[in-house]
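Below: the structure, in structure tokens.
Labels A, B and C are assigned to the chains in the order they are written; within every chain, residues are numbered from 1.
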């Protein structure tokens, strides 16, 4: 019983500083590692601006318009994200290496860091598809839900790790948490094993 | 008694990794969120350089001359700050949203990361003022002290949260911890509630 | 016995979030603090690229070719490093201040974040030399081993802290962990005491 109590105490003090499991895995969608976005397959960037979201007279998000923002691994600060128009959209990434995919990760701004206290622009339902070439047909790898009440960094296991290696991964978002005009991606990661060399 | 001992043990191992409360709140002075500095209301940047503080023959701080450095939320590394001339100065920020202000935060380099082991250039006594427009009169919101012996990230509660929302906040520094020539700001944050929309 | 068990439990939850000792010391090789690389004394940057390591058709490392990358203190992400040709090479740093050197630190990407799961390009055997001027003779300060099975951030104590202050430090790498073509440095730090002023 004492052990249990103390474990709870311990968790209370420490859980917030425990790093998410995604930080303990290689990220094959990371730009500095050699990944890149396939702009032609990505959705239209949201650039309209309503009122407060300007900076030096420039719409805020035009400073972060590129889908590249979602694969650069920078710290998660409010606004350092890629936003696409509407609630449905695609981010396509050419991975740094061909990978047998086991997990993907979506990071979003915690709601306690959001100006509104809510993260309505976070993705909700999404699928992940893999491709061997840009010309190739995509293979469905899994359907997941980013939970706005969960941890900011959420890692999803594929139902079964892929048998084959993929060079390209598409994140296809189908809904968000209530923001009609745009959906924001802070970071998308792809995990798995490279072919032994 | 055992519980107490272990809690101490636990704290000893974990307190340093517990994130400051400021990291759990929205920051309405954050540039990527839409805030901006009002340069015309900020003090003169310290650009003189004495001896060691050059980089490729360029005065070190000219690389970081802008007050923007203090609202960009980058990690706190020695020298990534905005320094103004003397011990009195002002940083004026146009907030990302109109906010009923409850807290402000000042971050500085920890003394154990400082080349001299001391942080004489840290701000000491300061006031915070709020404005609705640049033309408007400032309203005094509180007077505080940044304690150089405290944690690097210090969050201050306003005596009473503001009834009204403010669009602009001025940080007015009146003294520092002993450095006559300049005062350095690593980060300034503003916390509160936006109007419900 | 219970105390021991719980200490282990505690360590299991917390050890990974305890910051390395290097983060608690000043770093006199940090660029933002005023240090700079002496390019003429640094080894040849590795720019060749084999297959997967390109980004938008540009060899990946040409984006990070400068030895400056190793003294900028940015977060350790795969690929944000300086790689030199072969297994032997030198990084020369003009320190931010003259320092009586007590420790140096080498950071590398953790193997669990590496695409291959291994860090063959990490430095292994290395020496540190100090100089008062670029023309001056170097003084041997210590010989160390970066352990690829150890923590990502490894701090090394000099056998004896230096009596004199040095303005320049050279990191001389003599071997790596098995990568024949190149060796990568993520971060190099120099710790010690400045002369009292």
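Keep this in mind: a contact is a pair of C-beta atoms (placed from the backbone, for glycine too) under 8 Å apart; a residue touches a chain by one contact, two chains touch by 3 or more.
Bear in mind that the values here come from a model prediction, so they are computed numbers and not experimental data.
Relative orientation of chain A with respect to chain C corresponds to a rotation of 120°, obtained by superposing CA atoms and rounded to a multiple of 5.
Interface note: chain A and chain B, two copies of one sequence, contact each other through mostly non-matching residue numbers (shared numbers fall below half of all numbers used).
One finds 30 Å separating the Cα centroids of chain A and chain B.
Residue positions of chain A touching 2 or more other chains, listed in rising order: 2, 6, 10, 14, 17, 75. Residues of chain C touching chain B in their complex: 2-3, 6-7, 10-11, 14-15, 17-19, 23-28, 30-36, 73, 75, 96-98, 194, 197.
On chain B, the positions that touch chain C within their shared complex are 2, 5-6, 9-10, 13-14, 16-17, 52-56, 60, 63-64, 75, 77-80, 112-117.
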